[in-house]
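The data blocks that follow each hold one structure.
Next, two complexes with subunit A in common: one pairs it with subunit B, the other with subunit C.
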Partner chain A sequence: MDWFYEFPEMGSSALRALKKGIDGSFRDFTREHGELMEQVFEPLKQFLIFSERLLTDTPWPIVIAVIAGLAWFASRSMKIAVGTIITLLLIGYFGMWEDTMRTVSMIFVCTITAIVLGLPIGVLMSRFDGMQRIVNPTLDIMQTMPSFVYLIPVVMLLGIGKVPGLIAVVIYAIPPVIRFTNLGIRLVPADVLEASEAFGTSAWQKMTKVQLPLALPTIMAGVNQTIMLSLAMVVVASMIGVQGLGQPVLKAIANQYFTLGMFNGLAIVGIAIIFDRASQAYGKRLQRHLEVVHG
Partner chain B sequence: MDNQNNSVGIQIRNLYKIFGATPEKFLEDVKGGMTKDELRDSHGHVLGLKDINLDIAPGGIQVVMGLSGSGKSTLIRHINRLIDPTAGQVLVGDEDVVQMNETQLRAFRRARTAMVFQKFALMPHYTVLENTEFGLEIKGVARKKRREESMRWIERVGLGGYEDSYPNQLSGGMQQRVGLARALTNDAPILLMDEAFSALDPLIRTDMQSVLLDLQQELGKTIVFITHDLDEALRLGDQVAILRDGQLVQQGTAQQIVLKPADDYISSFVRDVNRGRVIRCKTLMIKGEAVDGPTVDASLVIEEAARIMSAESKETANVVNAKGKLLGIITMSDIIGAMVPPQEDAISVI
Partner chain C sequence: MTNQRKWFIGAVSAVALLGAGQAAAKCGTVTIASMNWQSAEVLAEIDKFILSEGYGCKAEIVPGDTMPTLTSMMEKGQPDVAPEAWINAVKEPLGKAVAEGRLVMSTKALADGGVEGIWMPKYIADKHPEIKTIADAFKRPDLFPAPEDKSKGALHNCPSGWACQINTGNAFKAWGGEKNGFTLVDTGSSAGLDGSIAKAYERKQGWLGYYWAPTSILGKYEMVKLDEGVKHDAKAWNACNVKEDCANPQKNSWPTAEVYTVVTSRFQKQGGEAYTYLTKRNWGNQTVNTLLAWMSDNQATGADGAVHFLEKNEAVWTKWVSADVAKKIKAAL
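== the complex of A and B ==
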């Protein structure tokens, strides 16, 4: 009855051999292909550097004006535009301008990457049920796996720096774009689709003229979630060398600097609110035609 | 619009539709006489249409009437193959729609058919104008040209000034006018109308029927009109076909259906019809010399004839053809007799 009280586990030597084997072969793989991987991600790295330079080198009044302008363009709300200006001024006044710009740049590139990758995956998912059966559980794993775990192979492959940070953030933040694209397209009313088919639309016309436009408000809700999730990853990403608001927070944790942590935390909250309000208002504006109901 | 383009007949031949996982397996059984209930209860398949044969004349309005579940919406979707048949042919001109490949079918839908839907099925993110030009946009017609065409039809269906509204801002009747304008802008010889006016309230429905009849006067398209409303069927249809449980039970003119219902099912349908608006003078006319009384056209419905006669306080009228030649006479007592619904057993007229 030993097996009843003691779990019949794999022998410790066999287990050690297994771990060693996997680690060993992955290490060999990184040694062989690490350079190739770096080359593959080189364009992304250049993009990251470019957008960071753009934000940190441009004089601050212009940056504030542009961000506030974008917020106004997206929301058409004076309240949100003014709120954006005040938040950014406060952040700058408390000495966090550079770090904030680095974080904004990172979020910007991550969101673009997530949309560029996620939108086509979502579209394919909506068209093929088989694809949905594969992608959905994969997304579940990506969202529940602790981020530190997949940081390990990424760092082994690419070392410490911006690109591994970006990969980690995108893995964590991409699921909403994919899920909401799929959902939005599947929610397009069947009678509207039938009507478009009756007029002889090709699959491409149906997608671009009917399905994607009608799914757009839902997709925007996904993009909003993706931005929020990217911001949530800022501190984690700073552990593998991503500069920005995360690093002071990390320092504050290590040294118990309460105020430093608080200030930088609040700065993250501030830009989160700006992005959230602006992108949500934009999503709402997209569905205006659905709200004005006849008498 | 050249007239040739606007007059395409449709022939439906031996059309079967079975819904389910393996319809081909049961096709022979159904042809051999398996009933709808047996197919459903023992094999889990639904018999949609059974051996439909229907000749739709070019340039006329063919009404297909039936209650819900009779297969009428399934039938109309076979004409532009939104639904694939299990067996049979749908001949439009000399092409078989069933045999077309994807590309041919797309071209066919773009050029030859346009459809109006029961629940309008407008694009909610498009304005009235953008909805109306949808068919032309799909065909790749230049923006300026399609604007002109759409505006013309928007005006024609009485929606001038609403072109920048969104469908949600319009009432049901107005939305269906957009649906009609969208179909007409496509300039296709065949117009498919799937319960197009059923979702509208009665006054607006009558109104839309008049709009359609007016337009048809000048367009002469081949219109297939689906309805569950007998009055609508009799008012619009040059020809009426009645569908029950996926089978055609009778086809003919409105008058033939009312006067000679093929079975009890149809007679129970037509019992409450206003017969005065269906039966024409020609049917009740008797031989006779010219009498002292008003003159009525042979194709006039008897309700109108009665109105003219009573206005002049006459018991008889002369029936003439379109050229004014005397064909016979008609009496008030015959008209009244014909307008009263028959007893259960007999149809006394004719």
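== the complex of A and C ==
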């Protein structure tokens, strides 16, 4: 009855051999293809560096004016624009300007990458049910797998710094864009589609002129979630050498610097609120046509 | 004191010594503290194996950590042995306990001590034998390209928030890193630091940065510590090199941490030959690094590591024990 009480395990030597085998073959893979992978990601790296330089080298009043302008353009709300200015001024006053700019630049590039990759995947998912059956569980894995698990192979392949950080953030933050795009397109009413077909639209016209515009408010909710999730990953990304607000937080954790941690944490929250309010207000403005329909 | 009394005392101590010799045959129970890091864990297991198989002690492992274990040894005389005690943090109370005869520091457990500093991979050292010191390395930014700007060299810093982040940053300033075309790369965490070494090593790329020994990374990836070119100046070190806001840091070498085996006076008196073993037992960082790397590669426990060490490194441990004890241990393997 031994097997009843003791789980029939694989055996420690076989298990060790298995782990060593997988580790070894991955190591061989990095040795052979690491260089190539780095070249593939080189343009992205250059873009990350460019975006960071742009934000850190531009004089601060211009940066604040541009960000507040964007917030106003997105929301058409004076309240949000003024709130943005005050938040950024406070962040700068407490000596976190440079780190905040680095984080904003990182989040900006991560969000763009997530949209560029996520939108087409979401569209394909909405068109092909087979695709949905594959992508959905993949997204579940991406959202639940502890980040450090996939950071080990990524660091082995690409080293430490911005690109591995971006990969980690995008893996964690891309699922909402994909899911909401898929959902938004699937929620477009069937009668609207029938009407468009009656007018003789091609598949491409139907997608770009009917489905995507009608799905846009839902997609914007996904983008909003993506931004929030990427901000949540700032500290994890800093553990593999991404500069920004995460580094002081790590320092605070290691030394129990309560105030330092709190300030930088609040700065992350501040940016999050700016991005959240601006993108939500933009999403709502896109939805205004719906209100007209309903009177 | 008369001559007679001197003679008498001499005779009594001679008898006492004889008695101690007899007690050695059965050294009794001995508790060994196993600290919660890899090198101390495996050393405790080695002590346990040798003391129980070679000297017939009833050796037991008890879990511990630097402060609680040493405090308990000072106050309660338990456990008997702390095989790998990093004493820098507890110098004062430990010194007092040694002066009062409650504890003894039987030997330096790590012959080289705990070493920190700036390291680079051995394959770079082989290719460029002219690079011996930190200053030499700082002359060649092209050999250690920074991940984000290949035109610059990179010095990989210690993880965020660790004390070494500050002293490495000051060293970067002192050696004129920026002036020499280098940047200080934040590694974020020890996982990031280890990952950057592993990546460079698998691809035989240049790497320069802070690390410390004994560690399994240094056993797995052979690295060379660069000479600072200056002696450790404790006064300047404490006044400036460890301070974040030090205005004008000077070149200074990292202090070597002293790592001793600490034993209670009870076991010193009653252990006999088993105690003599604890006065001879020490090993070099290279040996420890290699063993730790084997343990990491094979995901081995401290006990597995001890057996592996005793099987493979006979030349090291046979020096610690007499020939017939060595025979007993070999028989038990």
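Brief remarks on what is shown
Methods note: the second predicted complex is superposed on the first by the 291 of 295 C-alpha atoms of A that agree within 3 Å, B and C clash if a C-alpha of one lies under 4 Å from a C-alpha of the other, contacts with A are read in each partner's own complex, and residues count from 1 in each chain.
Heads up, the rule we're going with is that a contact is a pair of C-beta atoms (placed from the backbone, for glycine too) under 8 Å apart; a residue touches a chain by one contact, two chains touch by 3 or more.
This structure is a prediction, so every number in the text was calculated from the model and none was measured.
Aligning the two structures on subunit A places subunit B and subunit C next to each other without any clash. Contacts of A:R16 after superposition on the shared chain: subunit C is touched, whereas subunit B is not. Contact with subunit C, but none with subunit B, is seen for A:K45 once the two complexes are overlaid on the shared chain. By the document's definition of touching, neither partner reaches A:L54: not subunit B, not subunit C. A count of residues in subunit A touched by subunit B and by subunit C gives the higher number to C.
Touch criterion met: A:F199 reaches subunit B, while subunit C stays clear of it. When both complexes are overlaid on chain A, the residue A:M262 reaches neither subunit B nor subunit C. In the superposition on chain A, A:L36 makes contact with neither subunit B nor subunit C. Using CA centres, the angle subtended at subunit A by subunit B and subunit C is 160 degrees, rounded to a multiple of 10. In the superposition on chain A, A:L89 contacts neither subunit B nor subunit C. Of all Cα pairs linking subunit B with subunit C in the superposition, the shortest spans 46 Å.
Contact residues on subunit A toward subunit B in their complex (touch as defined above): 189, 191-192, 194-202, 205, 209-210, 213-214, 289-295.
Contacts from subunit B toward subunit A in the complex involve residues 80, 82, 106-111, 113-115, 117, 119, 121-125, 134-135, 137-139, 166, 168-171, 186, 192.
Subunit C meets subunit A in the complex at residues 147-149, 159-162, 165, 185-189, 191-192, 195-196, 198-200, 202-203, 297-299.
By the touch rule above, subunit A contacts subunit C in their complex via residues 16, 19-20, 27, 30-31, 34-35, 45, 49, 148, 151-152, 155-162, 238-243, 246-248, 250-255.
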